[in-house]
Amino acid sequence: MIEAEGLYYCYEKNGDYVLNDLNFKIDRGEFVFIIGASGAGKSTLFKLIIREIVPVKGTLKVFGHDLARMPRYRVPYLRRNIGMVFQDFRLLEDRTAFDNIAFAMQVTGASSREIRRRVPYVLELVGLPDKANAKVCDLSGGEQQRIGLARAIINRPAMIIADEPTGNLDPENSYEIMNILRSFNIRGTTVLVATHNHEMVKLLKKRVILLDKGRLAADEAKGVSAGAL
Amino acid sequence: MPCNGFFYAWGEALRSLNRNKWMTIASIGVVVVTLLMLGGFMLVHLNLNHITESVKSQVEIVVYIEDTATLAERNELRERLVAHSALAEVRFVSRDEALRRMKEKLGDLVEGYEGSEENPLPDSFELRTHNPEAVGAVAEELARYPAVAKVDYGKATVEGLFQATRAVQLVALALMIGLAVTAVFLIAHTIRMTVFIRRREIMIMKYVGATNWFIRWPFVLEGLLIGLFGAILPLAGLYYIYRVSLDWVSANLMFLTLVPLPLVMVELSKYLIPLGTGLGILGSAFSMDRFLRV
Amino acid sequence: MPCNGFFYAWGEALRSLNRNKWMTIASIGVVVVTLLMLGGFMLVHLNLNHITESVKSQVEIVVYIEDTATLAERNELRERLVAHSALAEVRFVSRDEALRRMKEKLGDLVEGYEGSEENPLPDSFELRTHNPEAVGAVAEELARYPAVAKVDYGKATVEGLFQATRAVQLVALALMIGLAVTAVFLIAHTIRMTVFIRRREIMIMKYVGATNWFIRWPFVLEGLLIGLFGAILPLAGLYYIYRVSLDWVSANLMFLTLVPLPLVMVELSKYLIPLGTGLGILGSAFSMDRFLRV
Amino acid sequence: MIEAEGLYYCYEKNGDYVLNDLNFKIDRGEFVFIIGASGAGKSTLFKLIIREIVPVKGTLKVFGHDLARMPRYRVPYLRRNIGMVFQDFRLLEDRTAFDNIAFAMQVTGASSREIRRRVPYVLELVGLPDKANAKVCDLSGGEQQRIGLARAIINRPAMIIADEPTGNLDPENSYEIMNILRSFNIRGTTVLVATHNHEMVKLLKKRVILLDKGRLAADEAKGVSAGAL
């Protein structure tokens, strides 16, 4: 599903490498936590996966395609297969929760009947059934975060990437969210979660990739044994 | 664009115009105001042209006949003039008629001199050319005809008039081009602005997997609608203004003939509608590209 | 505003102009373009006014003297005319001179008639009034003087000319007002836009405890600078354009006299600089209020 | 320092109360955690304290002033005495970290010499000494969060309010941040922290106010005994 080989990235020419010689492979249907200190490069790795940026060295293959070689016009189709929860949410503040989620379906050409059926379902799933018509800027931090997740899963993507999806959530809601991700994972979706919530990592006992200043410091099959925690 | 996409694009364009009411009104306002100015100026320009044309067409050549010319010579001259391809109108003015005209001008001060053998004025032909600009050349040619004493076409006046109208037209054209460039700049800038303000929206669409054209279509339609409204409103306004002006002119300045209303509206529509909608569309389509690169 | 605040405000205004280069250029561009148009039009308007004034001042009254008038009567008439307060110029034209002029106009066709007793033309006075609009009334008054056969002032021509210039001025004024309103609207809109785009910045400043005026000053100065540059650039442009036009006109259209350069620049500066800076300042100061309410 | 008496708030007329009959008192020099599920009303309470909004019923006194009666022109001076870390950061994305922090000092009329001395110091404090000249939009989530904290403490305010200040931070950095807040607290600053990081709450053993759907569900002197945790 994702194959990184000698992956390097730096934002400025001749700057420090933000990602430094990453080598890993994530198979279809895996559930992987990406952890690491603030600034370790987690969000940068995700930007590479959705091809917001391209590697400066090495190869990154997603769904079998080498992203560096992928033509521009193919990128939207790549992104439709990846549901991403952004660390800063990236919601349209002045539109309703419903619109924000529906948006991701319209992009794929879904009919409005389908949209009207599916959006309330995912809103229910993330625990916000009564916020459909609230504007995003009128929602609490945690509520916005859950709208972001709802948008990511609405199209039943082949892969879900969640960057710090529980940073603004209480433990109970965090657990709920993790459960949703797990249930998608059980039905075959590959899930990558970047998080600082080590408690959750320990609880779920999934594969853990630990980044340290852009280097792959550990890659453990069971979170509980990840040395750095 | 599949059927779903078509409806989505229009729906989204309308919804977004409604959502950003303030921007929509301001953008249409800018387009209306600039095109109204441009249109108003075109109106004035068209009519100035019309008026100078009609003034020019009144410029005539006077061919004075030698007093010594025989009837045969006179007839031959008339025939040559009538046959001349550059001349539109040929009229004989006898010396008596010329004197009568002068008296008319001076009033009843010269009474009692009618028919006097002492009439110092010669017989003449008054000519009008098809093309007023040709007056000079034709006059020179006619001066070489036999039996012609002198050819007069108000050389100084005509050339002064032409130079003046040329100057006015130059200034008018400069102002028009200035206004047109202004309109292009302002409309394009305004539409770019509406896109710029919504760059976040555009980027987020890209992140959830929208293709460039999926994003572009609603914006293009929005630009089209803004441009269309922004062109139709000033057209309506100019229609009304021009109708009132026509009435006023025909009541107060009878000697002026203006371009008729339907002709003017056709001319204006021909420029304003493509300008408004074209700029609206291009403005949105191109100003978006740099935000589509994520 | 304490000293620190003063430097901060200017520094911040300059930094922000530099930071938002794209917006700055676009805003100044809009102001320049609109004021250039407005200024260009003012130029044309000023000169049209000047030209019609000089044409008007050339309108004259001709008083024809009765052929039967005695020398005493003629002298009395001359004195009354010279003493008349509305008249600027009084010139005697003898019947001989009148005939000579006519001959000049008709060329050498009427040769040999000089001095002839048969000269059908009367003696006359040519008069010029101080105020061209008074021509009609003065002419009527003079017609009642003794020894006056007829008073002529090209009634139809003069009145037609005045009506025409009035119409042109009306149209010119309408276009000018239209352009001025456009300029006001566009400049204010542009400045509001630069504020709107930075509403987030304004709100964040409020959150960290900035007072309204602390926030407003840099914006106001920014508006001032945009307005000032936006007014000075078109002034410079118009200076250049007008100088070239003056040269061209004096070379090609010698019969036209235009308003001299310094006068025009003073007139333009008087309107454009206050318009630009005023709108810049007001545009920023007022468009901000709704974002200051957090 | 903060006194709430019968405090009610709702966003929409005749909507549900987001804050419902709150009564509490926070003294000068206290360190208080505000916890509660997503949407419980924590951020709303903070908005009331900085007078972004005014109570619909009841009174809220801050620094002894009744906020409902405070005239508009006094609000900036209130805010200068409160350093706030926003849940969504509220930084100027296109400016550098330095500018964002300096900003809060300029507002108070500080000299540029003072600014050049103090900003690097707080950047050091939050662990980002080398990011002074980085644009905020080029910083990682956790780095942005720490810039937000740096801005809040730059003026040595009498009170610090931090809304979820560690949501994007790894445990180590979170602990550092809490330590900074604690050190300010020790020197007399009142500190309010809304957080979902219950581990930190347990660790610090400070007073905890628990909100539940806008009601004050618990107010315990030592976090460790807060029933709901």
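As written, the chains take the letters A, B, C and D, and residue 1 is the first residue of each chain.
Quick note on the criterion: a contact is a pair of C-beta atoms (placed from the backbone, for glycine too) under 8 Å apart; a residue touches a chain by one contact, two chains touch by 3 or more.
This one's a predicted model, so the numbers in the text were calculated from it and none came from an experiment.
Q: Using C-alpha centres only, name the chain that sits farthest from chain B.
A: The chain lying farthest from chain B is D.
Q: Report the inter-chain centroid distance for chain C and chain D in whole angstrom, where each centroid is the mean of the CA atoms.
A: 63
Q: If you average the Cα atoms of chain A and of chain C to get two centres, how far apart are those centres in Å?
A: Centres of chain A and chain C (C-alpha means) sit 67 Å apart.
Q: Just how far, in Å, is the C-alpha centre of chain C from the one of chain B?
A: 23
Q: Would you give the residues of chain A that are in contact with at least 2 other chains, written as numbers and ranges?
A: none
Q: In chain C, what residues contact two or more other chains?
A: Counting only residues that touch two or more other chains, chain C contributes none.
Q: Building nodes from the protein chains and edges from chain pairs that touch, which of line, ring, star, complete or other describes the result?
A: ring
Q: By the touch definition up top, name every chain pair that qualifies.
A: A-B, A-D, B-C, C-D
Q: State the interface residues of chain D toward chain C in the complex, per the touch definition above.
A: Residues in contact with chain C: 50, 52, 73, 76-80, 84, 86, 90-92, 94-95, 103-104, 106-111, 151.
Q: Which chain D residues qualify as touching chain A in the complex?
A: Touching chain A from chain D are residues 11, 35-39, 42-43, 87-88, 138, 140-143, 145-146, 163-164, 167-174, 196, 198-199.
Q: Within the complex, which stretch of chain B touches chain A?
A: 2, 4-5, 8, 19, 200-201, 203-212, 214, 294
Q: Along chain B, where are the residues that touch chain C in the complex?
A: 26, 29-30, 33-34, 36-37, 40-41, 44, 64, 106-110, 113, 116, 118, 120-122, 149-150, 152, 160, 163-164, 167, 171, 174-175, 178-179, 181-182, 185-186, 189, 193, 196-197, 249, 252-253, 255-256
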